[in-house]
Every structure is written in C-alpha cells, then in structure tokens.
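A short worksheet on the structure shown next.
By letter and in written order, the chains are A, B and C; residue numbering begins at 1 in each of them.
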Amino acid sequence: MRQTENKDGAPRGARYYPFPRVLDVLLRGAGQVMFQNSPWTGLLFLLGIAWGSWQADRPEIITGALTGLCTGTLAACLLHAPREEIDAGLHGYNGILVGCALPVFFGSGPLCWALVFAGAFFSTVIMMAVSVFLRSWKVSAMTGPFVFTTWFILLSSYGFSHISIAALPSPALPSQISGAMAMVPGPEALLKASLAGISQVFLIDNAVTGVIFLAGIAASSLPAALLGWAGSVLAMATALFLGADGRSVEEGLYQFSAVLTAIGLGSTFYSPGWRVMLYAFLGTVFTVVAQGALNAALSPLGIPTLTFPFVIAAWLFLLPHIRFEQKGSGGSPSA
Amino acid sequence: MRQTENKDGAPRGARYYPFPRVLDVLLRGAGQVMFQNSPWTGLLFLLGIAWGSWQADRPEIITGALTGLCTGTLAACLLHAPREEIDAGLHGYNGILVGCALPVFFGSGPLCWALVFAGAFFSTVIMMAVSVFLRSWKVSAMTGPFVFTTWFILLSSYGFSHISIAALPSPALPSQISGAMAMVPGPEALLKASLAGISQVFLIDNAVTGVIFLAGIAASSLPAALLGWAGSVLAMATALFLGADGRSVEEGLYQFSAVLTAIGLGSTFYSPGWRVMLYAFLGTVFTVVAQGALNAALSPLGIPTLTFPFVIAAWLFLLPHIRFEQKGSGGSPSA
Amino acid sequence: MRQTENKDGAPRGARYYPFPRVLDVLLRGAGQVMFQNSPWTGLLFLLGIAWGSWQADRPEIITGALTGLCTGTLAACLLHAPREEIDAGLHGYNGILVGCALPVFFGSGPLCWALVFAGAFFSTVIMMAVSVFLRSWKVSAMTGPFVFTTWFILLSSYGFSHISIAALPSPALPSQISGAMAMVPGPEALLKASLAGISQVFLIDNAVTGVIFLAGIAASSLPAALLGWAGSVLAMATALFLGADGRSVEEGLYQFSAVLTAIGLGSTFYSPGWRVMLYAFLGTVFTVVAQGALNAALSPLGIPTLTFPFVIAAWLFLLPHIRFEQKGSGGSPSA
C-alpha cells in the first residue's frame, strides 16, 4: 500500500492531509476499489462516476455511490472496526460499489434507496467477517463483501414484489453462444472497449470515465495505471481469441475483473518485477476464463457475476504466497 | 450457555440431573435446536412436535424426530466425540432436525427410514467436521450440518428412483412473484403466522406447537423466548414490507430462520443489552433478505432452504466478533 | 505414504531410484491419483490409460494425460513449490487428470490443446492455493484442484464459441429418473461395472483398464487395491439399492469417486484396521449419495461432477480426525 502521503515523515498524529479528515477517509474509500490508498485517486474516481452517470442520464448512480460510500464507512465506525482500516478507506470501497450496483439493476424507486442503505451497512459487516475469516492466510477480502451483499439483494428481488427489477438478466439455462456473435470489433471500438473495461469496475460503460479512472490510478501509482490498462487489453485479446461475444467485449464485460486482477497481482500484493508481471498476466488470463465460467454458472439464477471472477482469481493466485521477491502482503490492507 | 442445572455446586460427577442420564442428554439435544441447554426445553419441544405431528395426522414426523435424535447422539458416542459436547446435547440437534425433515419431504416408506438413520449418522460426522473447520474462528456450526446432510439426501433423490418424493418443490428457474401474491394477512392470521414461524424451525406449521415451543424456550430463558417471538414478528414485518408472498408468510416460511438468528445473536452468543439487541435485529432483517435470496438460488434445484439463511446470517454476523460487552462465544458450545 | 523405495537406508541424496529422476517424478504423479507414491503404479496407470485410449480409438486421451502430467509438474518447478512435494508426484496428479478430462469433453482441436496446457498450469496454482488453505486442518487437497480447474474451463466453453464442445451433458432442470431406468445389470455386466468404476477415475470406461489400474495399485499396496475394488462393489450395491440408473452403474459413474474414498479413508489417511474399514465404507456410502446429489445440483449447468463427490466425502470424513489408531495424516502429502 502506498504511503507517499506521509511525505514529511511527521509522527502519525501530525500526518499531512490535503483534505478534511472525514473527506479524506471517504475519498480513500473510493480509491481502494482499485487498491489505491489515495484521496486524489478517490476524487478522480468520483468525478469519473459523476461523468458516466450524467452522460447516461442516470443521476441515481453517482447518488448511490456517495450514499453507499458514506453508509459503509459510518457502519464501520458504529461497529468498532479497527481505526487504521477505516482511515485507509477499507470500509468504504464495498459500500460505494453496492451503491453503484443497486441503482443500475433496480432503478431509483424509494425501496432501492432503503436497500442501498441496508446493503452498504451489510457490506461492512460482511467485510469484517470475511477479513476475520481470511486473516490467517494473509489474504484480503478483495471486493468479495460487495459481491456477496449485492448477490443476496439481487437474488432476493425475485421473492419480493415491491422491488422493481430494472435490468437483471433473465434466468436461463446456459447454452453455447453462436459463432456469429464472436465478431471482432474494429480498432477504434477496441480502444474504446479497453477503456470501458476500466469504467465497468464501477458498472459504468463509458470510455471517458475509463480515462478519468486511469488518471485517478496514475495519480497514486503510474505502474498500477499501466497494468490496469494492459490487463484490460490482455483480457480483451484472450476473450476474442476464445471466441467470446463481441458485444460483451465492447461493453467491457470481459475486462473489468481482469483489470483488478492485473493491478492487484502486478503491483499491490507483490512488488513489481518481470516475473511478477508474468504471473499477474497468467492470473489475468485465468480471470477471463473464470468470467466465462461464472457467466454460465449464474445464468440460471439471472444475476451478474459482478467482480467475482477477480475475487476468485486473486484468492487462488495469492494463497500460494509464491516468493518472487514478495512484498509483505500480510499487513497491507488493500481491496 | 446456561448452567443453572448445576445449582448445588456439587462436583461434576455429582451434578444434579432431573432425568436419567441418557434421557437428559437426548432432551438437551432437542433443546439445543434453539440454543437451550436444558432438558425441560427439550421435553416441551418434543411435546410440541408430537402435537403438530398428531394434528397433521403425520405420525412419521415425531417418530423421525425421535429416531434422528437417538441416532445422531449414538453416532457421536461411537465416533468418540468430546464427552462434554455430547452431554450438552450438541450431537443431537442436527439429528432431530434431519429426522423431522426427511419424512416431511419423503413420506414414510421403508427407504425413508433407512435414510433417516443414515442421515442422522452423517449429520454427526458433518457436525464434527464443521466444528473442527470453524474452531479457530470461535464460531459454532449452527444448524449447518443438518442443512448440508438434508440437502445432499434431498438432491440425491432425483437420481434414485426408489426414493419416493412426497413434497419437494418442482425445479424451476426463478421469476419475480406477482404483486397480487403480496397480500397482507389480517391481524389474527398475523398472530398465527408469528407462531407458525416458531414451529417451522422443526418444519411444522402449527400455531399451538409454536406456543409450546415458546414455553419450552422460556423454561430455560425468558429473554430468549421473547427474542424469538420478536424475531418472528420483525421477520414478518420485513417480508411484508418488501412484498413477499403472503401465503409463505402465513405458513411461517420467512420467519423460522430469523427466529433462530434473533435468539442466537440476541441472547446466546452475545450477552443481552440494547446494542446487542439492535445488532440482532439487523441480523434478523438480513436473514429475511437471505431467505428471499436462497429461495431463488435453490429454485432451479427444487430443494428448500431449510435453516440455511440463519446459518449464513449467524456466521457473517458473529465472525466480526464485535465488542459490545461480548460474552465468550469461544467455549460456548451452542447450536 | 509408502516409502519402501528407500530400501537401502541410504541418505536422501543417494536414494535409490529405479527410473531416471525426471521420469520417476512424473510416474509418481500418475500414481498419486490413487494415493500411491510409487513409480511402478504410475507406469501401470499410464499403460491402462493408453490401452483404454487405443481401444476407444481416442489417442487424444493418452496424449492429453502425458501433456497434463508434464505441464503440471513443470509449473510446480517454475512456481517454486516445495521440492519434496514435487518429488512425491503431488504436482502431477491434478495435471494428468485435467489432461484426460478436457479431450474427453472437447475432442482434440488445437484450442483444446491450448486449454490442456493452461488447465494443467492453473491446476498447479490451485493445488498450491488449496494446500495452503487446508494446511491448518491437516487435510490434503485431494483431487479438488483438478475438479475446480476443469469445472471452470468446461463452464467457460458456453461463453466461448471457438471451443468445440464434444460431449458435455445438456443443461437441464433436475427431474427424478423413472423406475424403468433402475434396472439391475446381470452378473457379468456387474463384474465389468465394478472394474469400469476403477477405470473411470481417469474418465475411461474399460474393464481391462480397470484391471491394469488395480494391478498398478497392488504393485504399491495390496490392501489399497482390495479396498478400491471393494469400494467399487459397495458403491454399485448402494446405487442399485437406491434405484440408480442402471446404465450409469454399468459405465462406472456411481463408482469412481467411491473407489477413491474407499482407498483414501481405508488405507491412506488412517492406518488400516476393522474400525477404519467400517468408517471407510460409511464414507463410501456417503460418496454415492453425494454423487446422486451433485448429479442433480450440476444438471442445470451441464457439467459433470468429476471426482467432487470423493473430495467432499474425504474432507468431511477426515476433518473430525477421529482417533481409531490414526496414522499421522498431517505430514502425509497424498492425493
């Protein structure tokens, strides 16, 4: 985890903060979605979400993001989560994702807002639970708490008629896609797709948002930004090579989990190097396979994979604790 | 865990038992389904099951309960489970539930009885396995072993033609229930439903049985009984607020897992207090969401959720080990 | 784990090897599929696969087996897996199974071979991950890494049109098989079925291969070979008693996981004895129930159970660490 904010070497109490304390914590929460413990990253992420939200004429997405971010962080305070975790934004990133996801799938009825509050709260409980569960393996919860919370709420909507479903996939038995769907987009579409792969981490399909997100990551770590984009391109190539649905690739749906895997394995949990990069790219390829697999596995239930392909790839590729000159991933409380 | 039976402060060998030893252990096994280490609770639970079984003209349910209770406890002795766990009834509560569930879904053919024996035995193996698995997190197995065993046996019935399926839901892809089904029952029906929510813990839909069960819990702990009923009412309110199927609410199907969550979080694993109560009620609301989610998730497989919504809620809400003045949940070997 | 190869009591560096070092490691990898740390077992296993592959006119199966075996083992070297694990063949058995399975389900197109390479590599990463995960419970990964890897790749084929699916079951909601399908095969067919149950561990339906495999196990441990066959017979009897599909029994599909359970519980992880044998046979019966259950559970996804019924049975029946005069299962790095 980057600690460059503490440039002046001052003691902890006197740590330099460019933003008021509460704002700083919230912004870091946004930044941690892509493992960056930096308020600047978070600020640019919120800007990117706002842009995508505005362009799609769906103000409920940025509103949901802010609501979820605040609720998740507040819940951690109420539940006495460790102070240093809260300060690093580790109890905000699941909440903000819940807050982006629910309005995407449910629209913006009053019940949706109740669910955003409840979901962001639950995501913090689950974050604390998963973190305790994983502690002895020195592996962090990733975006698992967001995924589990959102899956529960999305699935429950089938049983609760007052929840209006806006955009869930219809439950269907899996069947192989036809070769005709596996078209390869043109160069410009591919460029856009590589950026949409970044923006889809927050469930937004918008190339400009992708650029703003990359700028946000670069504000904290240039290598991470490059890895993120490279991960998106590699995922795209893998998916097209295997014959994935061209439209899904254009919308970034085979890339967003892979982006997280590439950044996470390549720069956050291991210290960068060419062996680590190779391993991170293997993990990225695995993430694409896992994306295809989870698409099929969840198809009968009519719910999306969210970032679970990344979560499973990260857990499987981090658990072995392979010694390339491994950074201490134990204490590093990243997403 | 209540230890009030040991009133005389006599050494362990001389502990006071109102019932012959074997009977005491078995009755505690029944009581532990709702976390009460008391033979009186168990006695009233068996009475309640017998009443419900008689009223529904299904003697196989109480017979199955007794068979499962004895088999599960005996298995623990044969497999050298720790003596103090057996004495506290911790190897009976999964067996009794398996013994209630299988006749409900399979009727009472001879093969069903073979499966009750095998299932209760397996539930003890799985109890020991899950307990070892969870040991380092100081979280107990809850009714997980019952759920896993019963799921395995119910699912296997699709492949084995000699098992006669009496009452499994038809496998179907999930679809949202219509608003018309979300009717709110009248006041009397609601009262009944709040009690059916208690009785359904043992898969029985009978308000009188619910009252007997409440009396059973109260015999060991009045707060636990109140929490159980409050949990049922809160679950009912949550489900109706979200627009759940009114008939399912009337039958107690959205309440029984929530009852266990309310008792477990509110009085067994944390020491009672208003913060704990609030947390328990949040867990109860989560259980209702999980109930809706698992209904949908299991719908393609044609099996019921059993008490898994409670199990998942309990694990997630206990793992964080939040310090409200937390009772030592480590050594407390409760359901 | 047998160490009889080290007969001369020479120091480790001078250990006696009947085969060149690399070949020895690879052959042990094949043998570890059925828990035998012996190159002779591995040699006979490869012979059995070659025979079955030739008889079915599917050379891609033995080719896949060899490719997967080498790739998996090589991956372990590249990823710095512990040397003694590699030497015992523990990073070959998942790879060889992946290499057998993918050509069975995908045929032998060029993409299939890319997937065999990738799959065997991933299976080693997952092996290392699962082993780390399970370390504190002193339970080994079994064939879990093979199962997870193959499930991911098989499932992903629904989303990738360039993968040609040769033989996956059609996704379908489960429904109980008719009584007419539960026919009991004649004595000769039963004998063949008991051997096909052995050969199906490597996804081959061939009685002669089954005999060669038994000979291979016997070359390392006669009790293990007898337990394996007994497990197959017991599984067959259980499945027919419960009314399973007669054709599936003839093809060995209810037996192969049970064979592994019987050998694993009966001779590898516990030291043999009559109590252990009883426990192993209970585990074998449970495996058959789990086979039926997982058939139904995976039916909507259109993927086979592979050896997961064994994996789940082994984990559940080993976790309790029951003391019959238990062999130290901790250090024993078996399949």
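Note that in this section contacts are C-beta pairs under 8 Å (C-beta built on N, C-alpha and C of every residue); 3 or more make two chains touch, one makes a residue touch a chain.
Keep in mind it's a predicted model, so treat the numbers as computed, not measured.
Of all chains in the assembly, those touching chain B and also chain C are A.
Between the two copies, chain A and chain C, the Cα superposition rotates by 120°, quoted to the nearest 5. Averaged C-alpha coordinates give centres for chain A and chain B that are 37 Å from one another.
In chain A, the positions touching at least two other chains are 136, 173, 300.
Within the complex formed with chain C, the residues of chain B that make contact are 79-80, 111, 118, 121-122, 125-126, 128-130, 132-133, 136, 151-163, 165, 171-173, 300-302. Note for the complex: chain C touches chain B at residues 136-137, 173-179, 181-182, 239, 241-245, 282, 285-286, 289-297, 299-300, 315-323.
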